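Below you'll find the structures, each written out as structure tokens.
Same chain, two partners: chain A is paired with chain B first, then with chain C.
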Partner chain A sequence: MKLEVGYIDIKGIRFGDYNAVEDGILIVNPEPLLEPVLEDPLIKSAHFEIATPGESIRITPVKDVIEPRVKVEGGGGVFPGMVSKVDTVGSGKTHVLRGMAVVTAGPIVGFQEGIIDMTGIGADYTPFSKLHNLVLVMEPVEDFKQHEYEAAARLAGLRTAAAIGELARELVPDETVVYETPTIAETFKEEWKDLPRVGYVMMLQSQGLLHDTYVYGVDAKRTLSTLISATEVMDGAIVSGNCVSACDKNTTYHHQNNPVIHDLLAVHGKKINFVGTIITNENVYLDDKIRSSDWTSKMARYLSLDAAIITQEGFGNPDTDLIMNCTKLEKQGIKTVIITDEYAGQDGKSQSLADADELANAVVTGGNANEVVVLPPLDRVIGTLDYVDTVAGGHAGSLRPDGSIEAELQIITGSTNEMGFNRMSAR
Partner chain B sequence: MIIGELWRLTPGGEQETLHTSKFQIVTNNPMVAEALGERCHIVFLEHGSDRDVIETVRDLVHRHHRVLTAPLAGSVKPWETPYRSVMVSVSKGTAIDATSLELVEFALMVIGQSRERLETTKPSIDRDFQTVDLSLIESALPSVEAIGRI
Partner chain C sequence: MSKFKVVHYINQFFGQVGGEEMAHIPAEKREGPVGPGLAFTKNFGDDAEIVATIVCGDSWFNENLELATETVLDMVKEESPDLFIAGPAFNAGRYGVACGTICDAVQTELGIPVLTGMYVENPGADMFRTKVLIVSTADSAAGMRRAVPAMAKLALKLVKGERIGASVEEGYIPDGVRRNFFDKKRGSTRALEMLLKKIAGEPFETEYPMPTFDRVPPMPAITDMTKATIAIVTSGGIVPKGNPDRIESSSASKYGSYNIEGVDDLTSETYETAHGGHDPVYANEDADRVIPVDVLRQYEKEGKIGKLHDWFYSTVGNGTAVASSKKYAAEIAEKLISYDVDAVVLTST
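Here is the complex of A and B:
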């Protein structure tokens, strides 16, 4: 598949009485954008706020982060099966509003989490502090059912991002990059025959309420492992329905900008032969875990891979899937590198993962989510601080009287991302 | 306290099967006991800790039952949620299932690590933790009910 991605750089967002992108500035007229959001009977209120890099702003609790994109040419539309009708994406031309995101915020469950600080030490830990954020703050009606409201909030964010993306349809991109993925037959061509055949195994969180991922609108827990083109992922074929574990959840933005995919494509045909991407789920039921990891290893072998990179989402139960995927590939002679994060205790001395195997001997870490950080008080809060004491990584007393927060890194959205899309590294 | 029995004796002295499901759930979550009590046998550890749940599961594993769902929670960390539900086979094998034992022992180790952490639970969010724990175990139901035997 061949996808031409045109990047339009966004340098600012402001409110106005019409919706447009002019000279790199997104002008937002809230009313027409909020109208479809408020049509949902589960959403009591919704409004937009703007957060600019460097401003003294704390956004919390964050549900999802989404990059506005629009299909300009080629089949389908963005977020197929969710916002656009089900149709294969990943070919043709897509425009991206780069440097901004639609951030959905507001309460869903009492221990929900996710902080994006736009300045200070907290900002250093999240990649989203570097974006111009249009924050969609929503509030549910009383007596809502969480799974129904999660769907409403998820769709509201995706629809808003699609509507904003639509503004870029006629624009001239600041930069255009062509991404191309080969067919299986092409991967065997003569000039690549000496390059290692590398695949990407992308694990998708799929454990029920607040833990789900959708592929072309299908709940990932109801699928077997399968193949997907890297360019389909760029067009929003995979979206997040995950609300928990801020530090290591893969938001929709992470999927759209998956760094493993981008880095593998960058060296494809030069250092490696990037053969394909396998998506697999992280289910609760043990036989599902065994079946999905069996299927992943079968496909890796079918693709004649020499090596694979495996990325994860979440902690605990998914560590079992991670180790199953890793060991089953290794036992077939396929070398693996896993990207994960660690819960090694505040002192870093505890075992990092909830599962382990000696075959998992090449690990890239996104950082220790238990590391304690003190976030300074900021001038303005978008959303509410009501949940800071109860979110993952926070604890009773996390929110101090002066507005500062002492908590573990896991409270920060994207801080220890397991695709490697984060700020922490060890080189 | 245990809600639900696998069978009971009728006044006539006959054994009456109450649950024909192939799985049972060990839980300390009252919402799971209430929502799924009609569907399967529930070993309900009222006021039990997550450790009590896993240790009860371990006892069942030693009696040759198989663990059917991963004993650790999903992205909700062990030190955040007090609730845990694990699905276990009703039938017994002829020996201890090694995978099941490995999983519960690992889960106990992880929970052991979490004991040193600060308490994060507030009564006001108790119901939300129950809801998510119920959802996690409910997500396994289509898979477990799709097959005729375990």
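Here is the complex of A and C:
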């Protein structure tokens, strides 16, 4: 598949009485954008706020982060099966509003939403502090089921991002990059025969109970491991429906900008032969874990891979899936590197993963999520601080009287990402 | 500001007493820096100074471990230093063990920061890496010029109480404590580079060496359930409504013990979950779904089991460190034994 991605750099966001992107500035007229959001009977109220890098702003509780994109040419539309109708994406031309995101905020379960600080030490840990954020703050009606409201809030975010992306349809990109993935026959061409055949195994969070990922609209826990093109992922074929701990949740933005895919494509045809991407789930039942990891290893063998990078989402229970995927590939002679993160305790002295195997001898870590950080008080809060003590990573007294927060890194959205999005590591 | 006071420990060779033939000499204290101490002094600048140097034979220390430790400890005490450094010992085995032993003792007894340096394969490194900070050095004294600045820099951080960075940043041998740091490249790029090395058969360094798991053999089966006392222990976070102990939704710092004498059924009015790792709706509707009090009570009435234990023990497993879980489990196990509990239903979520 061949996808031409045109990046339009966003340098600021402001409110106005029309919606447009002009000279790199996104102008937002809230009313027409909020209308479809408020049509959902579960959403009581919704409004937009703007957060700019460096501003003294704390956004919490954060649900998802989404990059506005639009399909300009080629089949399908962004977020197929969720916002656009089901149709194969990943070919043609896509425009991206780069340097910004739509952030959904407001309480879902009050446990697993995170914090994005736009300045201070907290900003160093989250990649989203560097973006111009259009924050969609929502509140549910009283007496709602959390999983139903999660679906409503998820769709509201994706629809808003798609509507903002639509503003980029006619724009001239600041930069255009062409991404191309080969067919299986092309991977055997003479020119590449001396390059190692490398695959990417992307594990999708699918533990259920608000830990879900959707592929073309399908709940990943009801899927078998399968193949997907890197360019389909760029067009939003995979979206987050997760309320796992904020630090190692793969937001929709992470999927759209998957760093492993970008790094593998960058050396494809030069240092490696990037054969394909396998997506596999992280279900809670042992039978599912065995079946999915078996399937992954069968497919890796079918693709005749020499090596693979495996990435994870979440922690604890999915550590088992990670180790199964890794060992089953290694036992077939397929060399692996896994990307994970650690829960080594606040003192850093505990065992980092819930499962281990000596065959997992090449590990990249996103850091110890239990490490404690003190976030300074910031001038403005977008959302509410009501849940800081109960969100994963917080404890009774996390929110101090002066507005500062003492909590584990778990609480910061994207801080220990397991796709290798960040520079943070641990030893 | 006055300088931090440092005591330095070196062996007979670096104390310029002699080689192996002088390894039998007992510990002696000299004023000021000696040998490598001069290089340390230069690196400390205005921040710290070596007030005394203890020179000791490697054989004497290792052959009289207790006496030697006590003797050197007393000599250090007399100086009331702010910091203690030993070595670097490079690959000298007995010197390395002496450095580790005395650093460990000083740290424990005097409560001041300590630092040593040695080659990673020095037997002292394996023995003491998780107890004292050991700067990684070359295998011979030829590495002195690199070892001293690295040790001096870390020593000053220790004595000033500054945050210690990860082992790769500071140059010490991994001490079993995981510390975060910002690498130069993002994780995906590091993964690709590691993979390329692994494919090429070149040496690569994992960022997290896999631990070895301990396995616990199961107890023999209970032969007569009708006389057995059964307890419930859960990591599913079930607590009395309102979470009286405020157990955290993730990375729990405690567990709770809750009395269920006379409780036949857990209801949404009386119990809930504190667990933050799943949608709590079903657990909150009926906590029996996580800990089967209702069924066990029924079994008790029917005589299928002897007794349901009067207490259940609960923590949150979500993101909770293994070391914490081990600690809670050990305490809970003691309670269970004291109440003559025969078996436990362990539930998780």
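The working rule: the second predicted complex is superposed on the first by the 423 of 427 C-alpha atoms of A that agree within 3 Å, B and C clash if a C-alpha of one lies under 4 Å from a C-alpha of the other, contacts with A are read in each partner's own complex, and residues count from 1 in each chain.
Everything that follows uses one rule, which is that a residue touches a chain if its C-beta (ideal position, glycine included) is under 8 Å from a C-beta of that chain, and two chains touch if they have at least 3 such contacts.
Since the structure is predicted, the reported quantities are computational estimates derived from the model, not experimental observations.
Peer 1: After the alignment on chain A, I want to confirm one thing: do chain B and chain C clash, or do they fit together?
Peer 2: clash
Peer 1: Check whether A:I272 is in contact with chain B, with chain C, with both or with neither, and answer first, second, both or neither.
Peer 2: The answer is second: A:I272 touches chain C but not chain B.
Peer 1: Between chain B (first) and chain C (second), which does A:G199 come into contact with in this model arrangement: first, second, both, or neither?
Peer 2: neither
Peer 1: Looking at chain A, does chain B or chain C touch a larger number of its residues?
Peer 2: Partner with more touched residues of chain A: C.
Peer 1: Which partner chains sit in contact with A:G90 here, chain B, chain C, both or neither? Use first/second/both/neither.
Peer 2: In the superposition, A:G90 touches no partner, neither chain B nor chain C.
Peer 1: Between chain B (first) and chain C (second), which, if any, makes contact with A:V363: first, second, both or neither?
Peer 2: In the superposition, A:V363 contacts chain C only.
Peer 1: Touch check for A:G241: first (chain B), second (chain C), both, or neither?
Peer 2: Neither partner.
Peer 1: Can A:K221 be said to touch chain B (first), chain C (second), both, or neither?
Peer 2: first
Peer 1: Does the superposition put A:Y285 against chain B (first), chain C (second), both, or neither?
Peer 2: Touch status of A:Y285: first partner only.
Peer 1: Quick check on the superposed pair: does A:K335 touch chain B, chain C, both, or neither? Answer first, second, both or neither.
Peer 2: Once the two structures are laid over each other on A, A:K335 reaches chain C alone.
Peer 1: Identify the partner contact of A:G76: answer first if only chain B is touched, second if only chain C is, both if each is, neither if none is.
Peer 2: A:G76 sits against neither chain B nor chain C.
Peer 1: Check chain A for residues that touch chain B in one structure and chain C in the other, and list them.
Peer 2: 109, 111, 146-147, 207, 209-211, 244-245, 315-316, 343, 345, 350-351, 354, 390, 392, 394-396, 410
Peer 1: Report the residues of chain C in contact with chain A in the complex, numbered from low to high.
Peer 2: 166-168, 174, 176-192, 194-196, 198-199, 204, 206-213, 246, 248-251, 253, 276-282, 317-324
Peer 1: In their complex, what parts of chain A are in touch with chain C?
Peer 2: Contact set of chain A toward chain C: 109, 111-112, 124, 145-147, 196, 198, 207, 209-211, 243-245, 259-260, 262-264, 267, 271-272, 306-307, 309, 315-316, 335-337, 339-340, 342-354, 356-358, 360-371, 390-396, 408-410, 417-427.
Peer 1: Can you list the residues on chain A that touch chain B in the complex?
Peer 2: Per the touch definition, chain A meets chain B at residues 109-111, 146-147, 205-211, 221-222, 242, 244-245, 248-249, 282-289, 313-320, 343, 345, 350-351, 354-355, 389-390, 392, 394-397, 410.
Peer 1: Considering only the defined contacts, which chain B positions touch chain A in the complex?
Peer 2: 67-70, 72-78, 80-81, 87, 99, 103, 106-107, 109-110, 113, 116-122, 124-125, 127-129, 131-132, 135-140, 142-144
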